[in-house]
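Please go over the structures that come below.
Consider the two complexes below, in which chain A is the common component and chain B and chain C are the respective partners.
Up next, the complex of A and B:
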């Protein structure tokens, strides 16, 4: 089958049984790959009510037709599972070089199921696939593990590993790869840890069958040319994602003191230029990347190295915690990576705990002797370790995520627990940005920005406006943007460089054959979106619109300072946003797809 | 002598599709944007001679300036 490795690798960890099955042409046609394969498999194979950390849950690693080819950014895979953090759908996208090797090993998906009786790692070298003893690696940080596997098997092997966070089942543990790339969100690392899988060690040498090699070369070169000539390529590469931190501060989107405001007095020292001058050693890209946004950095103060920090970590471990030194922020980032916990969720959890401390809801004794005051860097570093190892009362409390931690502490702390559906909100404050607020509210993994992002659109249309055009924009983005990951490709070339998206379809035509349009891709995107919604409704008893509500902070507490001082989205507008969204989606008043909507998306037979 | 400021495509609709602005040395980027009718807050980054600057940067003769917008957000 052109465009596909051709096999799905199923690893039953309980029995130690490994099987390959051919990739279904129908699945490829209707769901393309990536998170499309992920939600289809999750919905059909994981029984209703499965314990996310039990043997019935599965971890599904999938990619799509662009991966491992000449298409720019063709190095993405999705890790899909039932989230231990939210209890609903999760997928986490990972870059780096792992995905290309997955394809060269002839694989479209790896499905990890059951639980191994002892720690193992999955070794794949083309057709050699084995579970091997991971006892020497268990308990180690991801940097050491990656280094040891590289020395043992060679640089051409790619490694995806969990750290102590995954082993200890921190509910937002991640999977780490290539030093600074992660399958970050939703707790996919905790699921891997629950299965006693320390790592996947991967190498392949096979070819990917392609319908039209010359056509692929032409289409890929056109894409690369567009990337190289784009207005932002040079600057995006120079500064990476942190190019936006000053601007986010200026427009009130930089999360500050647990999202109490959107502007921070110390933002200047967290900026892209400061990072470039003081920290960055060199640029680092993923497979086939024309605009490498990754940055190898050195932290002189800590005598350490990391890849990053990204904007998200700058926002959430910087302004959000009252820390204005990028070296301190970088060390937070490095610790999260080494221990294998999602830096976004961790930053929000610590921010919530600091606000609890400042308000007297958590005492020094509750925090195992730490003074969790804004800006206390040493306390933050200690807290990250406590979370990863579930040390003490504080580590146990925060390892379960902000939502559950707030339910435990109570005292009104639920009102400033910054999450949607149990997933911590990423680094954009949304007091006065209604489209972005809706993007978070309706994200299909929770409050994450990767499905849709609309701060600039809010500024263009009017940040407090609640109009159908804004809702339509969010829905379009939700159906369209995740298709990049479904195709196995980084979206940043389109998102950040703004290249013409129509350049991608000739590449898809050349790889899999036939003729494709973005309209068809968006239809498949809507199908995937609605299936994730059905999954939430199936797994969460009483799932309704209350699960789409944002943190009360964004409709009840206008910031007291900064660019959005005094601005807030009214609760009636929050509800109006949802009403319009449900109507445009073809969902009922509780936010569930109507039978007609399911029929239009060819999901009526699938879910019956 | 004038300074040329290259506009990100997302900013051009405010100046009838023109790809560049011109300004006299001595003006701040903020003032140039304001005079041209481009909403200042839509400019996410000011790049002068390949270095990121703030919007109060005062233009110098010979500067190469790019004004960037963010359309995607990661």
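Up next, the complex of A and C:
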């Protein structure tokens, strides 16, 4: 089948049974790949009410037709599962070079099911697929594990591994790859750990069949040309994602002291230019990327290396915790990566714990002797380790995520637990940015920014405005942006460089054959979006609009300082946003798709 | 003319590798590229790329004279005449002369098509005169 590796690899860990089935042309047509394959498989194969960390849950690693081809940024796969963090839908997108290698092994998806009786790693070298003993690697950090596998099998092998965080089932444990790439959010690493799979070690030498290779070359060269000539390319590549931190500070979107404000007095020393000058060794690219945002960095203070820190980590371990030295933030990033925990959720959890400490809701004894005051770097580093190993009261508390931790501690701490649906909010403060607030409220994994990102749009339209255009913008982004990953490539060339998205469709035509349009992709995006919604409704008893509510902080506590001082979104506007959103989505007042909406998306046969 | 690499600018993205395979074999498969990427991590951090210098040593030793010069002055492998003897491989000081019968029934090397330069977003790859000081 043109554009596809052709096989789905199913690994039954309980029985040690490995099978390959051909990728279904119908599935490829209706869901394309990536998270489309992920939610389809999750919905239809994982039974209702499955324990996310039990044998019935599955971890579905899928990519799409752009991956591994000449299309720029074609190195994305989605890791889909029932989230142990939220109890609902999760997928985490990962870049690097693993995905392309997956395709060269002739695969479109790997489905991990069951639980292995002992720690194993999945070894794939073209058609050789085996579960091998992971005892020598269990307990180790991901950098050592990756290094050891590279030495054992060679540099051409690509490795995705969990760290102690995944082994210990920290509910937001991630999967790590190529030093600094992660399938980060929703606890996919905890699911992999629950299955006793330490790593996937992967190598392939097959070519990806395409319909029209000359057409692909022409389309891809046009895409690369557009990327290289874009005005933003130079600065984006120079500073990476942290290019945005100074701007976020200026507009009041930089999370500060657990999202109490959106501007931070120490932001100057956290900026992209400071990072470039003081930390960065080199630009490090994911597969076929013309504008690599990955930064390989050296921390002189800690005599360590890492890839990063990314903006999210700078926001959440920097301003959010009152830390203004990028080396300290970088070490937080490195520790999270080494231990295999999501730096976004971890940063928010530590921020919440610090606020609890400052307010007296957590004592020094509750924190195992740590003084969790704003800016206490040593305490933060120690806390990261405690979380990953579930050490002491503090480690156990924070390993559950902010929602459950706040339910445990109580005392009003629920009001400043910054999450939606149980997933910690990524690094944009949304006191006065209603489109971005709605993006977080309705994100299908929880409060994550990658589905839709709209702060510039908020500024353009009027940040406190609640108007249908804003909602329409969010829905359009939600349907369309994730389609890049569904197709197997990075969206940042469109997002950050602003290249013409229509340049991608000739590449898709050349790869899979036929003629495609973004309108068609958006329709498939809406189908995927609605199916994820049905999944939430199926798995969460009493799922309703309350699950779309943001942290009360964003409608009840105006920042006392910074660019958004005194500004807040009113609760009635929060509800109005949801009402308009549901109406435009074709959902009912409880946020569930109507029968007509499902019919329009060819989802009317789906059984709840 | 020949290909040059400035390793300090290489991000290791492999766009050049997949593009090279599209040119040489009309396939998407970096294992069939005529460049070699060597990562150096964790210390010191960085990538080293091996590229053809168009020195012609491979052509000198080819018993079937299968390695010829194209209109760009670059040496390329005439597949019809390659007998897979591998005499060319050890002659290449840069390790960018390839024979691997699992992948192809011909030797292969850089024919200076220039597509790798076109897709290199960090401008690490360039084409210049053979004795030029690379940019």
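Keep in mind that, in the parts below, the second predicted complex is superposed on the first by the 605 of 608 C-alpha atoms of A that agree within 3 Å, B and C clash if a C-alpha of one lies under 4 Å from a C-alpha of the other, contacts with A are read in each partner's own complex, and residues count from 1 in each chain.
Please note the rule applied: contacts are C-beta pairs under 8 Å (C-beta built on N, C-alpha and C of every residue); 3 or more make two chains touch, one makes a residue touch a chain.
The structure displayed is predicted, hence computed values, not measured ones.
Applying the stated contact rule after C-alpha superposition, one finds that A:305 touches chain C and leaves chain B untouched.
Contacts of A:100 after superposition: chain C is touched, whereas chain B is not reached.
Contacts of A:225 after superposition: chain C is touched, whereas chain B is not reached. Of the two partners chain B and chain C, more chain A residues are in touch with C.
With both structures placed on the common chain, the touch criterion links A:25 to neither chain B nor chain C.
In the superposition on chain A, A:243 makes contact with chain B only, not with chain C.
In the superposition on chain A, contact of A:369 is made with neither chain B nor chain C.
In the superposition on chain A, contact of A:411 is made with neither chain B nor chain C.
Residues 6, 8-10, 39, 41-45, 47, 50-54, 66, 68-74 of chain B are the ones that touch chain A when the two sit in their complex.
By the touch criterion stated above, chain C contacts chain A in their complex at residues 8, 11-15, 18-19, 21-23, 25-32, 38-39, 41-46, 102-103, 115, 118-122. Per the touch definition, chain A reaches chain B in the complex via residues 231-232, 234-235, 238-239, 241, 243-244, 246-247, 250-251, 271-273, 276, 311-312, 428, 449-450, 453-456, 459-460, 491-492, 494-496, 498.
Contact residues on chain A toward chain C in their complex (touch as defined above): 68-70, 72, 97, 100, 104, 143, 147, 155-156, 179, 205-208, 210, 213-214, 216-217, 220-221, 224-225, 227-228, 233, 237, 281-292, 294, 296, 298, 305.
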